[in-house]
Structures are given as C-alpha cells and as structure tokens.
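What follows is subunit A paired twice: with subunit B in the first complex and subunit C in the second.
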Partner chain A sequence: MHIEREQVGSDVVLKVAGRLDTPNAKPFEASLMEVVSTTDGGLLVNLAGVDYVSSSGLRALLVAGKAMRSAKRKLTLSSLQPQIREVFDISGFSTLFEIS
Partner chain B sequence: MPAPTASSLISCLDVQARIDDITKATGWLGALAEAEAWPQATRFALELSLEEALTNVVSYGFRDSDAVPRIRIECHRLPEGRIAVRLIDNGVPFDPTTIAEPEVPASIEDARIGGHGIQLMRNFLESLAYAREGGENHLTLVAGRPD
Partner chain C sequence: MAIIAQILAGLGLLFVGLKMMSTHLQQATGRRVRHLLRTATRSPLAGLACGALAGAATQSSNAVAVISGNLVRGGVLGTRDAIPIVAGGNVGTAALVFVAAIDFRLLVLYLVALVGFGFQFKLDRRPALKEWMAVALGLALVLLGLDYIKQGPRGLDVTALAALLDHGIAPWVGFLLGLAAAAVSQSSSTPTILVVGLMQANVLGLDDAIVIVMGANLGSGLSAVLSAGELEGTGRQLCYVHVLVKAVGCLLVGAAFPVAAWLGADPVAALGQLGGGQPSAALSLLFLALQVAGAVPVSLARRTTESIAAALSPPTVEDGASKPRFIHERALGDWATALDLAEQETMRLVKLLPTLLPDLDQQDQGGPAERLALWRGANAIGVAIDQFLADLIARGIPRASLPQALHLQALTETVRTLQDTLHAFTEVVEGFDEVPPLAFNLSESLRTIILSLADATDGDAEDLDLIITLTADRSDLLSRIRRHLAASALGTGEDARQLLLATSLFERGVWLVRRTAVALRAPANEVKPMATAAPGEARKREEADAHRT
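Up next is the complex of A and B:
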C-alpha cells in the first residue's frame, strides 16, 4: 500500500494505491485519522490505485467517516475501480459515503 | 461439510496464527490463480473470502484456547471449473455461516463497525460451508461457477 498526501486549499487529498487488506488496514486507518486530527477541512480519498479491498479496509474508512461526520466535515471517496465499487455496493457503503 | 466430490488437491499451505501470515496465504492463492489461469472473478472471490475467514481465525480462534495453533489451507480443483479453498484450524469452534449480516444502516452514524466480512463472502462465493470435525473447524469456500 502506498499513500500520497496533497493539500488543496483547506482540504486534504489522499491518493491511495495497492491493497486495503487486513495487514494494511491499521496503517491506512492511521493515515486517515492523522488527517482527521491534524487538519480541519475536507478529506478526499482517491482510490484509483486500489485494486483490492476487504472488510478490514472498509472498517478503516468507516472509522474515519464517523469521525469526520461528528466533526461536521466532508469525507469524499473517488475513482473506485469496478470490483472495489462492487464491494462497496454489497456492504451498503456506497450509500454511506459520498462517492465521486 | 462433506468433502467436495471428484476433487483433486492442487496445493496446501500451513500458516501461523498471525496477521502477517494473511499476506502469505493470499499471495499463495494469487500464485495458484496465475498458474491455473482462473478467471479474475474467481480469484477475487476466493482471495477476499480466504482473507476474511483467516482474519477471523487469526484474531479470535486462539484467544480463548490453550491449543498450539494449527492452521492449514487446501486448494482443490472441482468439476466444471469450480475451485474450493478449505480452511482447517484447531481453534475454538466458530461457524461463520451462522453470523447475521449487518442491517443496511440509514446513515454513517448508525453504521455498525464490523460484520461485513461474512456479507462479502456470501455474495462473492457460490457456496460457504462449515463443519466441526475432530476438534477442528473446516470451512469450505467454493467459487468459479461457469456462466
């Protein structure tokens, strides 16, 4: 897994590549929560480079999503590959997150 | 769960009860998928389901057990292009097929953390079967039904 961080105005963009699986879930969650706790704008997670996601990866996004929602901040996901989109659809996550 | 009929064992792998060995297991399965030229959907279904099942075993299977962990993964070729992955462990009895799926939440505030693994397995696999045999959990994942 590889994560690139970019500041766009008051928002942060995280470009994620690789596998969002169980071994990578903790560092992925830590990267998301680091943005949540150290910035105060929106967060865009670009998943174009992610070719695999399991429930552990979903869990990390949900933890960050809940934290952003309670802080009344916007978390957006973008550029999901078709198989990743299918995982989001099956788990109901497509309706929980704003996806562009 | 009866043994898959007319199956042939392609390969097997022993792993330790640790998170890092999940990467070893999915890597092993990915290499088999390449060697056997499985369709992408079959590979994804089995890799994802093996990870979900193995994550449960590694995280909870031996937490309340004095047993020395033994975890074995077998891959069988079935008729008509189907593939079976069997996960055998001597952890505490756990039948994931009985786990209820999380309800679809109305909002992210209501969303429950966890329980999505079994939901994904049921959706991507053709069948998911459990048996407790000889003090071991036997979980069989089947995918690859021809279109």
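Up next is the complex of A and C:
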C-alpha cells in the first residue's frame, strides 16, 4: 500500500494505492487519524489506486469518519473503482460518506 | 414357532412401549425434571436423590445424562454437580424392573381397557392429559409385552430345556449375552426385565440370571458411549460417568459373591432369601444393588470421577463457548440483579456475533469447525438467557419492570435469529471452492456491520444511530444484484443459486442488525419520541444527513 499526502488550501488529500487489507489497515488508519488530529480542514481520500478492500479497511475509514463527524469536519471519498464502489454500496458506507 | 412369535411380539411391544414412555414422560415432566435437577447442587446425596427421581420419572438414565449435559453446557450445573445426578438416574431406572417382578396380568388388562376407553372418549385431545395418555399407552404396551414374554416360554417343554441347560449357562456366556442384549436395546433394564420373565417361566435359574444382569449392566454403560457418536467434551464426559457407575457397580457386587463364598456363605441362596423366595424379586434387588453400588461411590468421589471423565474427554471449544458468564440460577432470587445480569449476558452475545462469520481476508483465522462450535455455544447461551428470563417473569417481577424484561426477551430472540442467519450465511460462503467476488463483498460488508454492532454495545447512542444508518434499506441494490444473477444463472449453475441465497441471507442479516440496534437504542428513543416518529424516507434522509461527514 502506498499513501501520498497533498495539502489543498485548508483541506488534505490522501491518495491511496494498493490493498486495503488487514495488514495495511492499521497504517492506513494511522495516516487518516494523523490528518484528523493535526489539521482542521476537510479530508479527501482518493481511492483510485485501491483494487481491494476488506472489512479491516472499511473499519479504518469508519473510525476516521466518526472522528471527523465529531469534529464537525467533512470526509469525502473519491474515484472508487467499480468493484470497490460495490463494496461501499453493499456495506451501506455510501450512505455514511460523501462519494465524488 | 408360536412360542417364538409370542416372545418376539412381546419384545416388540416392550421396545415400542419403553420408547413411548420415555419420550412422553420427558415431554410431560421435562420442565419439572429440569427444575428438579437444577436444585440438586446442594450435596452429592441431594444430587443422587434428584437423579434417582428423574430416572424413575423418565425411565431412561440416558435421558437424565442428556438433560444434565445440556444443563452443564448451559452453565446451570457444573460437571461435578451433574455426576451424582447421572449416577442417581441409573438407580431410578430400577423402578420398572421391580414392576416387572410383580404379577400384574390383571393390572395390564385393566390398564389396556382404561387407555382404550380414554382414547375412545378423546381424552388424548386435552392438552393437560395428552402426554399422560401416551405415557399410559406406553406403560400398557410395556406390561403387555412383558406378559407375552412371560407367557411365551410357559409353552416350552421346560423339562427338556432344563435337561439342555443341565449345567446352567457358563458364567462368561451369560455375561456376554447380557452385554450384547444391553448393547442392542441400549438399556440395562430391558434385558433384566426379559430375564425376570424367563425366570418366572422357570426357564432360567437365579445363578444364570445374575451373570446375565451383570453383563447387561456393564453393556448399557458401554452402549451409552458408543451411541454418543461424535459427541465431545462435557456431553461425552457424562457418558463416561455413566460407564463408571456401571463398571464400579459390577466390580463391587461381582466381588461380593466370591468374598461371601470365601467366608463360607452361599451368596446366591442369600440373595434368593432376600427376595422372599421369589427369584424375580431377588433379581430386582440385585439390579438395584448394582445401581446403588455404582452410584454411591462415584458420587461421593466426584472430584476423582470428574478428573477421570475430563481426562477421557477434555472440554471442547463449544463447551467453553456455551457457558453463560453472568446469569446463574441463584440470581433469580433478586429480580433487579437478575435483569441486569440478563442484559449483560445479552450484550456479551452481541459482542460474540463477529466470531460466527469468516474473515475472508485472513483465512488462517479459525476454521469452519471452530465457527460451528462457537455458533452452537452462542446458541446455548441464547437458550439459557431465554429460559432465565422466562423463569424470572414466571416468578413475578414488579409491574414497572415487566416492560424491561419483555424488551430484553424480544432483544434476545432477535439476537438468536441473527446468530442463526449468520451461521447459515457462513455455511453458504464457506461452501464455495473459490469465493466469488460478490460473495466476498457480501461477507466482508456483513462482517464490518456486525463488528460495528459489537463495538456499539460499549459505545454511546450515536454509535447505535450510526448502525441504524448503515443498515438502511438496500432492497433496490440487492434486487438489482439478484436480477443480474438470475440472468446469468443458466451459465453458472449451482454457484449462482448459492450467491442468490447468500444475497437473501445478507439482506436478512442486515435487517436483523437494524432491529437489534433499534432495540438497544429504544430507551433513549423513548426520551425523544419525535425522532422515531419520522416516517420512512424522511427518517432515512435524516439519518443519512446526520452521519454524512
């Protein structure tokens, strides 16, 4: 898994590539939570390079999503591949997150 | 030929009658027997007495062992508490052997008449009498069968038979005959009753009958282990307790005969005298002595018995998973604590839900066998909570707390249905040789939702609101998936059918998670009723808006 961080105004963009599986879920969650705790703008997670997501990856997003919601900040997901979009639709995550 | 036919018919009636009696006695007295066994933990003697009563009531030591096994797995009894009960169950079964020793021909005829008239006047249709009518019919068949067995050999040329058995049956042959008869009938009392019949017809002498009954006694213990099949852990431990009772009984009573002879007494004659000169009564006493001689030492040395049984059949994952951690019989005395404990146990059950699903991302984490054991364990806890709450409500709780108890009962029911749905879903997913992408997505999605629900039990109301949002209606999406699958079903066959099933089970699982979350959220919802009053789509939009980040 590879994560690139980019600052766009007050918002942060995280470009993720690879597999969001159990071994990668912890470092992924740590990257998300670092943005939550060190910035105060929105967070956009670009998942264009993600071709696999498991329950661990989904839970990492859920933890970050809850933290952002508590801080009344916006977390957006973008560029989901069709098979990844299907997981988000089936799991109900599409109703929790804004997807662009 | 007529004699053989009469004996075989007698045996047939005996088998059917015993089966009927045992089944319907368990249904008629099962709840009371269960309650009786629960109160048997005070001392080994109390356990023995309760077990004996239960054995007499069900006429099956196996039934007592099975009920005790379920109570142990449900955490109501410890294995050590169950040992005297299982031992006592054997003593209770002696009741029927004593009945067989009585000349009951007239009684049988009246009983058959009574049962026949009862059925003619439709007494069997009354709920209170239904099971007891079947018990009476079973008893009538048993006694009628016994009468056939007793009458049959009377037609034999006893003088010729006596000449044939001039030197009696060799002890080891008699022992093996008894052993085989008990293994076939899975009971020690049935061959003993048969021997009583043959003695009353003067076909067998007391000395021959003694070895046959001792063989039957040991044989029924061994048959309990054989019939236990794939049963493991605690359930099998109690089967070994059963064998120990029988083996110790045979050993002690068997040793008494040579010891008595060595002391210059005639043990067979002494036994005959104890039976008041009636060989069948003497044999019934021997049968009782075998049960008591096995049951008492095994019960008194229950710590040793438990160690032996545990060494022969160590506890399984299922045993560990089926033990409630919070609820226990004594808590029923204090309704407030009992309700609190039942709630904690239900929350624990919710936390255990993720263990019922496979982690497809880490396939080395627990196999199907372990998940099956965990499901059975969780199921047993669900049944125990249900029973606990039913007992609590039956004992009477303040009117103000009744809604809480009923709410908890409904929640437990939902969680139990969810357990079964997750188990069925897991079976479908694990049935694929290679998990298709859709099944993977369904499984990982359901796992995420279930893990979130488990986490929410320690969280706040917002976490539950999030679950409610996450489990919003997705029937359009799933219908679309199903239509797509149906269109491709002709090409892919069985896999497509299984995927359709997985989709339905997924949808049901999500709906049940939602129901669980709503039930867990209920007290807070009562405080702000307007939130729950928002109808359909508007409510969904509110939920989605509330959680969109």
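Everything that follows uses one rule, which is that the second predicted complex is superposed on the first by the 100 of 100 C-alpha atoms of A that agree within 3 Å, B and C clash if a C-alpha of one lies under 4 Å from a C-alpha of the other, contacts with A are read in each partner's own complex, and residues count from 1 in each chain.
Operating definition for what follows: a contact is a pair of C-beta atoms (placed from the backbone, for glycine too) under 8 Å apart; a residue touches a chain by one contact, two chains touch by 3 or more.
Only a predicted model underlies this, so the values are computations on that prediction, with no experimental measurement involved.
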Touching partner for A:65 - first (subunit B), second (subunit C), both, neither: both
Partner chain(s) touched by A:21 [first = subunit B, second = subunit C, both, neither]: both
Touched partner set for A:54, first subunit B, second subunit C, both or neither: both
Subunit B versus subunit C as contact partner of A:73, first or second or both or neither: second
First (subunit B), second (subunit C), both or neither touched by A:98: second
Partner chain(s) touched by A:85 [first = subunit B, second = subunit C, both, neither]: neither
Contact residues common to both interfaces of subunit A (with subunit B and with subunit C): 21-22, 54-56, 58-59, 62, 65-66, 69, 83, 87, 90-92, 95-97
In the complex with subunit C, residue positions of subunit A that touch it: 21-22, 53-56, 58-59, 62, 65-66, 68-69, 73-75, 83, 86-87, 89-93, 95-98
Touch list for subunit A against partner subunit B, complex: 21-23, 52, 54-56, 58-59, 62-63, 65-66, 69-70, 83, 87, 90-92, 95-97
Interface residues, subunit C side, partner subunit A - complex: 359-362, 437-438, 441-442, 444-445, 447-449, 451-452, 463, 466, 469-472, 474, 477, 506, 510, 543-544, 547-549
Residues of subunit B that touch subunit A when the two form their complex: 19-20, 22-23, 26, 44, 47-48, 51-52, 55, 102, 104-105, 107-109, 111, 113-114, 116-117, 119-120, 123-124
